[in-house]
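Input: structures, listed below.
Two complexes are shown next, each including subunit A; its partner changes from subunit B in the first to subunit C in the second.
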Partner chain A sequence: MRLKVNLMSLFAKYSKEDSEGFTHLDHGRTIKALAEHLGLPLERVKIVTVNGQQGGLETLLSDNDLVYIFPPAIGGG
Partner chain B sequence: MKSNGTTKSPQPEELERYRCNLGTVGLDGQRALFSSHIVIVGLGGLGGHVLEQMTRAGVGYITGIDPDVFEPSNLNRQLLSDVDSIGVPKVDAARQRVQQVRPETGFLGIRRHHEAADEEVWAEADMVFDCLDSIADRLSLAEMCLHAGCTLIHGAIAGWYGQVAVVRPGSHLLARLYPDTGPGLEKELGTPPFTAALCASLMVAEGVKAICAIQQKDQDRVTYFDLRDGLLWSVDA
Partner chain C sequence: MGNGYWQRTLRVDLSTESVSVEPIEEDDLRKYIGGAALGAEMLRRELPAKLDAYDSRNRVIFATGPFQGVAVPGGAKFSIVGISPITGTFADTAAGASWGPSLKDAGYDVLVVQGRSDRPVYIKIIDDSIEIKDATDLVGKDSYDTVDAIHAENEDPKLSVACIGPAGEHQVAIACVAVDKHSFGGRCGLGAVMGSKNLKAVAVRGTKNVPVAHPERVRELVKTHFKKIYDTTVENKFRKHGTPGLCETAEGLGDMPIKYWEGDTFPEGAKKLGAPNYTQVLNAKPLPCKYCPIGCHRDVEVTSPPEYKTSGPGPEYETLGMMGTNCMIDDPKAVAKANDVANRLGIDTISVGAMVGFAMHCNEKGWLTDEQAGGHDLTWGNGLTLVRLTEEIGRATGLGGLFKDGTLAAAKHIHPDAVDAVVHNKGLDYPAHDPRACYSLAPTYATGTRGACHFRGPCEDIEMGGFYMPEVGIKEGTVRFFESDNQSLVAVKCQDLGVVANSIVICIFMIDGGGLSLTETVELFNAVTGWHFSVEELLRTGERGFTIQRLINLRDGFGGKTDVLPKKMYRSAKEGFRAGKHIPFDKLMNEYYELRGWDEGGVPTKETLESLDIIMGSTI
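== the complex of A and B ==
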């Protein structure tokens, strides 16, 4: 299946988009499988949305899903 | 409200000074602000802007906590700093600023780490602003607020990005948000002035809504923004 995956902030460097901006993953896989496919540090995958709804590591993905994954920010001083 | 930051009712001339707030928060909301007691932990990039805006919002009492003095590398983003204040304790600059903007607002500066502050600080607070810059300190503060039953307004930045959350009494949101106590993205992405100012503004908006009982949510939510692409999301967390 093909997904539109937006990796925010420092996660952007893990992108594996094709030339049309899609990320490819086997059918029936989860956010966790996507994160592992991309090489994201799983312990920092804390805020996920799928088609505008809250998701998590066990959220099942479908063809053409729109995914955002945010790492937590820390600075402030 | 746990406390009463202003002991007397606002005078007509004071309400006139805040009439540009009234259309947004209402008279009852402005009175709630006049009576509120907030704690700002960290008076740097986020904390300086939070102090400025909450003072102008008209809060009655502010406790500011920060052990540090200003350094040259603070000048890019920290509102309370200038070239003449290098070496000055941040709590002293905060006290002076509050006095300049709203002398009616009481201010207590605590030049210590927040873990060394007296328990009364948290017991008397209506709201605590997390303007810190390490996961360990943020989780420690969240734990103290959880123990004291305080609402915690959390904000954090990294480069073009930032996040804000309202941590309600009883919530373990920050412990869920942060995986460990390792280094953050900001070391790589920096902490520019515009991201700090916007994040602080979002924190203040959430704080004012909570004090004025406007648009309150039962669900834990995190607002995340991306200034590089001009985007903002609020998601359940």
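== the complex of A and C ==
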């Protein structure tokens, strides 16, 4: 399936977008599988949104989903 | 056997130029620890209700805790406590660099300054030698030149200097206390209180070592925790990028202030202001406080364009939020320059950003007269205006002069509708986190004892995955965005943690970002003091300290009626992550009051006070 994945801030370097800005993943996979595919440190994948809704590692993805993965908030205090 | 305290308060009365040393009872230390909680209890005991901040009886209390005598990671902090000229009630602010450990090394836990000198002075403390020195030659010097001048005059570059800039001298209400050209006790205007006392600086150096209960154990824990925090923050990039690493996460989740709280999204701004762009553009490097394994402060350098040329401590996330996205400014160089101007003049960068954003907002609404605008181009996003207006605010001239007593006071002079547009609690401008994104911030700000403050309760970082407190049941998933469950619990526990951190005193980034657990913090605390606190007991001292601060708020006229959100917080976003969401404020506050053991008017019940072993005196 084809996803629009926005890796924010310090996660940007993990991007595996194609030339059209899409990330490809097998159908029926989760955020966890996406994070592993990208090589993101799983313990730091805590804040995810899928199509504007908060998700988590077990959130199931569908074709054309819009995914944002944020590094945790450090230094907000 | 020592306990990490000298149990000594140094008191200086500037009216009489008298100096005394008073004992601190161990019972008070066990109840209030030090720093912000002990300082609050001293204010409660010593000052009457509704005291004007510039009354000579007001105190400036510089308070350490048990962690300043040993090289605890993040322990180079101290709290400053007094009545704020912005809020008119309790205020505490914390700073780093090396001033706190220096006071401890001189043989004191707390310095209380009261009275008013009839001439500009500074206090010099070297162990048992206390001098009140003439500061006439320091008048008008900025907060960096003041440090250099005191070092030169005393031929003693090891003096740690907490001072005010020109803003404090002129009682600009948002004047901060600047420490060692490095760290700033920014919020609530206690620099203006120093100015009202004609106190330009306190310079301190010590040669003593406070005894601790278990020195070997302390050394072992310090070594272990230093390495752990260092490794953690190398791994999570906090060391490399500092707090600017937060920008894109905060903006993406609707937490960053945009267009004076009326904008919804500004992703390109957050990207340019945040890491890694910030680190590259400003050539930023870690600028650690003493004993710090993280170095979250940034040392930056801008060589061009000439109008933004600067070097020194760079803007933090809060400043990037308030001076940057809040004003629709996306140029980190402009923010770095304005930050430097504010630091040198000695004003709080959060409130400066709020004021500039508010001025731009008023301009857009047509509320400012041409005469008030003073020739400034107040178009959103104008970096040069930010720099120039920052200078005016610090010097209380031009349009900046309108803001001398705070944003709320300025609004009253600007337009009848402007007052309701100010985003504040108790008169203190909101910092750069939005309760509409992180609901736990709503009760946190509404009940903030020093006004709206994220840092006396870093609950937003729990919501955004930064840290947890499993020891008190706050884990990943305890709160979720836009769901009210447990939000008030997180607010309460984070507020209590905030008081603990500012009383021990330890930089909260050791816990929030550095990975130091509450259990490890308590182990260290017990090794220093020789006491046997549990995590729950230590947080209980935080709750007690918070309640003391609340009691001061109550006697100063605040309470349930001021536990509110500003009008703009009821406006929901039209786009972005928090589009269409509304804070369930009444529900959150009902739960918050219940958790706190407060009645419907926001007053702690008799049972609550008894359970916290708080004794009501005649002044409350």
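General remarks:
Basically, the second predicted complex is superposed on the first by the 75 of 77 C-alpha atoms of A that agree within 3 Å, B and C clash if a C-alpha of one lies under 4 Å from a C-alpha of the other, contacts with A are read in each partner's own complex, and residues count from 1 in each chain.
Note that in this section a contact is a pair of C-beta atoms (placed from the backbone, for glycine too) under 8 Å apart; a residue touches a chain by one contact, two chains touch by 3 or more.
Bear in mind the structure is a predicted one, so any value in this text is a computation, not a measurement.
When the two complexes are overlaid on their common chain A, residue A:T49 makes contact with subunit B and with subunit C alike.
Legend: residue contacts after superposition of the two complexes on their common chain; A:G75 is shown touching both subunit B and subunit C. Comparing the two complexes, residues 8-10, 44, 46-47, 49, 54, 68, 70-77 of subunit A contact subunit B in one case and subunit C in the other. Within the complex, the subunit B residues that touch subunit A are 42, 44-47, 130-135, 138, 155-163, 176-180, 183-186, 188-189, 191, 196, 199, 222, 224, 226, 233, 235-237. Across the complex, subunit C is touched by residues 8-10, 44, 46-47, 49, 52, 54, 56, 68, 70-77 of subunit A. Across the interface of their complex, subunit A is touched by residues 236-238, 241-243, 245-250, 252-253, 255, 271, 274-276, 296, 316-317, 433, 454-455, 458, 460-461, 463-467, 476-477, 480-482, 508-509, 512-513, 577, 579 of subunit C. Of all the residues in subunit A, the ones that touch subunit B in their complex are 8-10, 43-44, 46-47, 49, 54, 68, 70-77.
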